[in-house]
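By written order: A, B and C. Residues from 1 in each chain.
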Amino acid sequence: MLEIQELATAYGKIEALKGVSLSAKAGQVTCLLGPNGAGKSTLMLTLAGILKPQRGSVKFEGEELVGRAPAQIVARGLALVPENRLVFPALTVRENLMAGAYKRRDMAGIRSDIDAMFVRFPRLKERIEQLAGTLSGGEQQMLAVARALMSRPRLLLMDEPSVGLAPMVVAEIFSIIRQLHQEGVSLFIVEQNAHMALKVAQHFYLMEQGRVSFSGSPGQMADDDLIQRAYLGQQRPQTVES
Amino acid sequence: MNDAMVQHLIGLSSDMAIMSLLALSAYLLLLVGRVSFGQQAFFGLGAYASGILSAMFHAPLLLALGFGMMFGALCSWLLAMPTMTLSGLHYAVATLAFGEMARIVLSGWQWQVSSPDGPVGPAGIEGFRDIRWLLEHDITPAHFLGLTLAILALVLVVLMRTERTRLGVALRMTGQDDTLAATQGIDVSQVRLFAAAVAGALAALGGGLYAHRTTYIEPALFDPMLGVHAVGYALLGGLGTALGPLVGVMFDLGLLDATHLFSGWRMVVFGGLLALFLRWRPRGLLDEQLVHWLSQTLKWKVRA
Amino acid sequence: MTDLLQLVVDGLIDGGAYALIGLGLSLTFGSLRRLNLAYGATAMLAAYLGAWLYATQQAPAWLVAVTVIVAATLIGWYVERLCFACTTQDATQARGAPVAGADGREVVALASSFAIWMQLEQLAVNLLPRHLNAFPSLAVSQDWQLGELMVRPDRMGLAVMAAALTLGLAAWLERSRIGLSWRASADHRIAAHLVGMPVERLQTVGFAAACALSGLAAFSILSLDGQVTPMFGMWALLKGLVAAMLGGLGSVRGVLWGGLLLGLVESLAQASFGAQGREFASYALLFVVLVAPWRRSRERFLATAVPG
């Protein structure tokens, strides 16, 4: 569904992405792991069209996205739930959701989707007319996800959905991710929290210093010593050979 | 070069030196990250204060100027107390409001003492005439220019020397990123208050010199456009060095005005140039990078 | 008592003009979070173009009105392109980090428009060098009698128009799709991009529309005076600024209340302290509102609630 080839993005002279290639299959939850500063958020912002890459290609369902404005990328069916939520603080919860549906013109569909969001996220319903800037971190995260879903994306990008949230809230977020996956939404998630990610994703990539250094299934991740130690904090039990 | 041209040049140079002081006043505040549209008020207050001392109390010129400077510093410091903690935008508007309030007060204020030639002193909207200290003491325009240049040179030396001290660094750090500066232990409020006081003194000094040069001042002269020009000179000339504002002044008054280049379109050119500069060179012509490069190159040349 | 009521009514009616001229300024701030210091000069140059047309071509009032509004729109487009269009992609904002501390960019943001202010003012004065310039007059000199009060119908009409325009615009911004997208883009640029809003286009069109409003305000106000002077630019900026700031920069309804308050304060100040007192009071009011302690805490809330 999503094919990224040799994508490179720089901030001035600093190359944050040094030639990233990966792909995300339709109907799957693909997870990108990596330490801070690896370039994961840069990748997400580039995919969303906020940042312009120096070279490389991003093909979404066969169509090239590089060079397109963010508005066109949303129209193609890609939506990003950004790191740090980035809700509209001076707009109400309801207005935030309306904003998410900006590219759509079907008023009836939008209204029924908003109702559906409130079923999925009951806490948001309680705060429907509240300014988004006054919500808690977890509520803002749910709002950010709901807002992204309002555009009925075919691929949902999520940048560190669990960061800065209490464990209970994190569990809620990940159960929502599982729900979406079951409903057929394709997801591409960036995470630092490898434990939670292992429970929902079907395919993993590891990114370090602007490059992809690992690609595999959860099982292969569990087998890999380095990953175990660095990201999962586990030591494999000593075998007879070593 | 005939006599008239020389006289004209002397006058122009005096004007440029005086404006440079006002531009330096704006520059100092820009260094600490504040745009002030009220420096013209301290220019005016300094003009009035110095004029009062010399014309009404027959104080010597330097004393009058000094008094004006202190008064300007005090007023600026008092204004800065409640306003420094405002956001940049609110601060700019507050200084603008203050500038207008000062101008209106001067328009309404009358205080005169009698003298052999009639009443002398601020006469509200009519202004303040007969600040004749220079004439009474036979100071020619050339002498005055010498004095003004000496004062300007002194100010520049002090400012440029301060750049290298901890104070100078603190000033610049506050302007670049005040939160970061605070985390480095710099008392941002104190630094800004100090900058405001000195800026007020500089503007008042310029005003005092102006009053004596022209012998007549009126409140209408000290309108926001004057302060806006001062900020413009500093921004165009460059914030990397105290010489920057001088470049801005020389460009406008020296090049554009004096040569009547683009006569009638001077502000169109100046404004357009400034806007372009702000887009691509927001720290002006002599910005920190260029000044740094120049000083490195000169050092290398001196060594070689 | 009637005298006091008359003062109040006069003040409120004058306040309508202030609200009208402040509306465009408040809108540009609402959209860009930056103050357009070239605002007054934009309205003035547009008005001067109208006056020039009137003087040289004896153009009828409606044509002058259209000219002033269109001119203000075009000049506004020029100002926006030159001063405000250059916001570069700020990746730190995208990552949600608040803009830490006041830095050099705030200075630039404030300064670029005053350079154009200088430009536009000179262009206007070059066009019509005289101090007093005739402007088509729509003034009605006869006062209406409302009970014990005397009211100028033309000025009252202006105030009513100001109120209707302000309140109508505020309602439209809250209810329409475009209004939502404009508010969203002003609230958080990057988030607006992420939901597919045409942020740059909204900014440019919004700015031009605000300047069109300034043209409308300029025409309406000047047509009651029958003349325009070079002081108009500064007047428009300062009065508009006070009205907008009193009501909270960026708030459309706020500029109406701010304008009315300003008019009221000025009217009372004039009765007590004369013309100079009137002018002083308007700036003193602005100053007090700016430095007042409650504003500080409101600013702090806004600073935390509105990232970037």
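The rule is simple: contacts are C-beta pairs under 8 Å (C-beta built on N, C-alpha and C of every residue); 3 or more make two chains touch, one makes a residue touch a chain.
Computed from a prediction, not measured in an experiment: that's the story for all the values here.
Most C-beta contact pairs, which chains?
B-C
Of the chains present, which has its C-alpha mean closest to the combined C-alpha mean?
Ranked by how close its C-alpha centre lies to the overall one, first comes C.
Considering only mean CA positions as chain centres, point out the chain farthest from chain A.
Relative to chain A, the chain with the farthest C-alpha centre is B.
With chain centres defined as C-alpha means, what is the inter-centre distance between chain B and chain C in Å?
Taking the average C-alpha coordinate of chain B and of chain C, the gap between them is 30 Å.
If you average the CA atoms of chain A and of chain C, how many Å lie between those two points?
About 42 Å separates the centre of chain A from that of chain C.
Find the geometric centre of each of chain A and chain B from their Cα atoms only, then give the gap between the two centres in Å, rounded to an integer.
The mean C-alpha positions of chain A and chain B differ by 54 Å.
Touching chain C in the complex: which residues of chain B?
These residues of chain B touch chain C: 30, 33-35, 82-83, 85-90, 92-94, 96-98, 100-101, 104-105, 107-108, 175-182, 223-225, 228-229, 231-232, 235, 264-268, 270-276, 278-279, 282-283.
Which part of chain A faces chain C closely enough to touch in the complex?
11, 41-42, 45, 48-52, 70-71, 73-75, 79-80, 82-91, 95, 98-100, 102-103, 131, 133-134, 147-148, 151
Would you tell me which residues of chain C are touching chain B in their complex?
34-35, 82-83, 86, 100-108, 110-112, 114-123, 126, 234, 238, 241-242, 245, 249, 276, 279-280, 283-284, 286-287, 290-291, 295-296, 299, 303
Which residues, counting only chain C, touch chain A once they are in their complex?
89, 91, 94-97, 177, 180-181, 183-184, 187-188, 190-198, 304-307
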